[in-house]
Amino acid sequence: MKFGVLRFPGSCDEVDAQLAAGRVGEAVLLWHRDRDLQGCDAIIVPGGFSYGDYLRAGAIARFSPMMEEVIAFARDGGLVLGICNGFQVLCEAGLLPGALLQNTNRRFTSRQVRLEVVNSETPFTLACAPGELLSVPAKHGSGRYYAPDDQIDAMEAAGQVVVRYAPGDCFNGSARDIAGVCNQAGNVFGLMPHPEHAVDPLTGSTDGLRIFESMAMAAEGVRG
Amino acid sequence: MADAGLPTVEEAMALGLTRGEYELVCEKLDRPPNQVELAMFSLLWSEHCAYKHSKKLLMTLPTEGEFVVMGPGENAGAVDVGDGLVCAFKVESHNHPSAVEPFQGAATGVGGILRDIFAIGARPIAVLDSLRFGDPGTSERSRFLLDGAVSGIGHYGNSIGVPTVGGEVYFEEPYEQNCLVNAMALGLGEREKLVRSAAAGIGNILVLYGASTGRDGIGGASVLASAELGELSEDKRPTVQVGDPFEESKLLECSLELLEAGLIVALQDLGAAGLTSSASEMASKGEVGIDIDVAKVPLREADMEPFEIMVSESQERMLCVVEPGKLDTVIALTDKWEVHGTAIGTVTDTGQMRIFRGEELVGEMPVVALVDDCPLYDLDPAPPAAPIYPPPTATLDPAADLRQALLALIASPNIASRRPLFEQYDSIVQSRTVRRPEESDAAVLQLPGGRGLAVSIDGNGRKVAADPYRGTIGVVLECASNLACAGAQPLGTTNNLNFGNPEKPHIAWQLTEAVRGLGEACRALEAPIVGGNVSLYNEGASGPIYPTPVIGMVGRLPDVTRAGRLGFAREGDAIALVGRFSPALPASELARLRGEALPDGLPDVDIAAVRATQEAVRDAVREGALSSAHDIAEGGLLVAIAESCLAGDVGATLDLGACEDAWSALFGEAPGGFVVSGDPSAIARLAEHTDVDVIGAVGGDRLHVRAGDGEANATLAELREAHRALARLFP
Amino acid sequence: MRVRVLVRPKAGILDPQGVAVEQALPALGFGGVTDVRIGRLIELEVDDPAQVDEMCRKLLANPLVEDYEVQLLDGAAGTAS
Amino acid sequence: MRVRVLVRPKAGILDPQGVAVEQALPALGFGGVTDVRIGRLIELEVDDPAQVDEMCRKLLANPLVEDYEVQLLDGAAGTAS
């Protein structure tokens, strides 16, 4: 299992994602200006402030050469995980539905949250039990998930709402407490909280590992 | 050189030089300085750059020790943390810019201290902040400043991917007109790869990279750092510097990659006094000359004068020295990171700073005159004849009982939970943070190989105002106590001396006494000073700030999995008061709530005894023998216990036995006291090494204490509610 | 040619900054203010103003949540989305 | 009355957003764009438009780093700071 973690100018959590993914497989950094996916089985678009989050979070990064390759990879069914800023990039790139707006509290907020696994059958949540609560940190200023109501209805029906904030834990005002969504095909997943910061008992919880383990299981399945 | 229109002595004085200093400049040059030269001298001879009122004092501080790799003088100090790694760290102030524009002032303060860290070749791994404002309850301006400073720090640190792992904030009336915003940063580097800032190699090339140069902060260093804020007229206000963390993150990665590839000879950030100070100091340290062509400097505004280019304080710029053969590779790397480098000068053997605009020579000064010849002044210290500070405004009902006092203390802005602040900071990025804010008295970061670093930043202006010497000792001891509770041994210390106008004898006395206390405490703890910063002239119309030395200390843990926690953890654990603790109310937080005047002096401190207690607590934490350890600071014993209850979400029952004065026993403050909890046998073992008094047990959902015939009782829910008091400042 | 782009949150989308400003005004003594909306102002110099609309759709605004309006500053009227 | 306030970074003050957007545009296929400045667009409904100028100075703009321009949308021209 080989993960590729994108690196844009202004990325912050790319090494953290590399370390986390490295616990379940091989993980390499991919520079935004290159075009070689280096044979990776899954791509992670990491957290941080690509291009300073200037203009709109994720707006500039999504045009990078490497993102063009990632878009093609995703269209071919490749696994793509977007975390925080990566989620914003994937929405901007049109790989995921919706948009992420400024938190209703108007502040960057960093807090441990509980995530409820709504759909445990995606390639990113295979290793979770339905309804399981994962303790994972969230830290962002623009994490309010928005999509038109009818679209969210359809997404919920189709199992595209993958994780929600547990009651009381949603500080950003997201529609229906949505924390992470996948595309229709299920191979692209974005979430605001940071599973890569929940992989070691020393620095927090280990619940986030489940996301990376799920991806490895899914990738092995595809291969096998 | 054209000598028409030379600046006058009056203009020199408006830039902050004294008449005598101007005359000395003329003597050094053998002629009056032109505009470029005067601008450069006025900056380098400012208090901020030349430390002319503090250098003699600073020379008394201990700077050497077993772990010191780089002491004061370089961009940051560094201590050895084992396995060939060093921790670089330093604290800096951005007080005056933050008073003008708190968001950008605080943001650029963080940007500046981070550049100091990577300028020596260390990757920044943590930021801490130390903040002082007026009373947030009554002062709208203080709330505005607090809100702006906290968002600015978060904006910069979060965006650049360096965790803000700790800090401190206090609210006292003397900071109303002159807030303090200090920021500390830590970095990790390989000992063998540290780089110094001395320019070397005649014929080598100076490359400037990063942001373009605009009119930011022109006059900043001389005007902002050397004049009392109240004297600043509107037209002297410099342009506000705007921070760009995105640019800095590229600058950081590019600088570390340049160093890793061995492409540069020397590296220096551009901070206060911009190109003037960075180039001159590089030349001075390398004992060489430098030629700079300002026409080559990429500008944000086309029409800038040579002197403006030389003094601009535009942020996010670095200067490096490169061998000619490596220039193309260096430029290519700066292009990769989009921080486009430009060759702007050369290293010469002239011993002169020569400034050109194209072919035209527009300034020429001996490096030695610029950097080393600024006169140093002796202070004229004298203790104040009458109290300097009015008593704080009383907010506690004089009839309050112990329980009401406890709840008022827990809700005091100086003690209430800092969560609404630190939740605006990313404290976990880089995956090193083992103890987040409110989990331990010091932040703890993991290092390769299972070891750890602990760091704390502390200050207590009120106590230093009451007794500059003993108060400062108390601050250094508190910082080391915080490390001890995490299980760490101090390796080195940084400090920021925030004081009023040193030309006034009573301020000079505060400064002198504080530095004496600082040196003595650091010597006794073997925690030498490896760097720091001085911020003087912190005064408003109603007087000086409390003298505020801010101390940052870095320590190490052999086994990071055993880092201490401050929260009670297990029902049934014994609670003990540890240390030879002699609590006293004068200058305490309770005295502030009661509106009591500051005492004239504090009790003597036995530093060696405190150190011994710290070592005993540290060793017990390192053995994993204790469930919790917390030092007793603001609010005294009962507040420390309440904090341990809140952090562990469990109550406690205490009986202090016979007790002459329950108020002093419960709320009095002094250095050297700790509250620990653990298995009774572990506490008994601790008693073999230091004074230990078992006073109660962990359990239940309330805090209940009996002291003599006094008694207090509060539920966890009541304590938690009081502790949330700061949340309303951030609606 | 100098071009101005006004980007606004779409009707119906919560604008927390606008709400905060609206709530802060009465305390500062400003009554009678309603419906505050905060967006982005982008001004740029372009060789070819015909490009601007595409630039807006692709980069300067997010059509799912924002409306934009282009104003050509040296005369001529603008186009709105 | 509907009022529009344009808030811009002051001349000479660094505009990191504008710089970043300007540098990114060529790679996105938009050449010939220079001097990008990014500010805020504030639109509000006010009973008394005469108040707006003071509102800008006190709350809507930060006079240390920003200039503002007020446009009355139902006719009449605006005032600039």
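We just call them A, B, C and D in the order they show up, numbering each chain from 1.
Please note the rule applied: a residue touches a chain if its C-beta (ideal position, glycine included) is under 8 Å from a C-beta of that chain, and two chains touch if they have at least 3 such contacts.
Predicted, not measured: the structure shown is a model, and the values here were computed from it.
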Contact counts by the stated rule: is the higher one at B-D or A-B? A-B
If you average the CA atoms of subunit C and of subunit D, how far apart do the two points sit, in angstrom? 10
Chain-centre distance (mean CA atoms) for subunit B and subunit C, in whole Å, is 41
List the centre-to-centre spacing of subunit A and subunit B in whole Å, with centres computed as mean CA coordinates. 36
Mark out which residues of subunit A touch at least two other chains, giving numbers and ranges. 51-52, 54-55, 60, 63
For subunit D, residue numbers touching 2 or more other chains are 16, 20-21, 28, 38
Note: subunit B residues in touch with at least two other chains are 244, 246-247, 338
Touching chain combinations (by label order): A-B, A-C, A-D, B-D, C-D
Where on subunit D is subunit A touching in the complex? 16-17, 20-21, 24, 27-28, 38
In the complex, go through subunit B and note every residue touching subunit D. 100-101, 104, 211, 214-216, 239-244, 246-247, 300-301, 314-315, 338
Contacts from subunit D onto subunit C in the complex sit at residues 6-8, 21-22, 25, 28, 30-48, 51, 54-55, 58-60
Subunit D contacts subunit B in the complex at 9, 12-16, 19-20, 23, 62, 64-65
Could you please specify the touching residues of subunit A with respect to subunit D in the complex? 51-52, 54-55, 60, 63-64
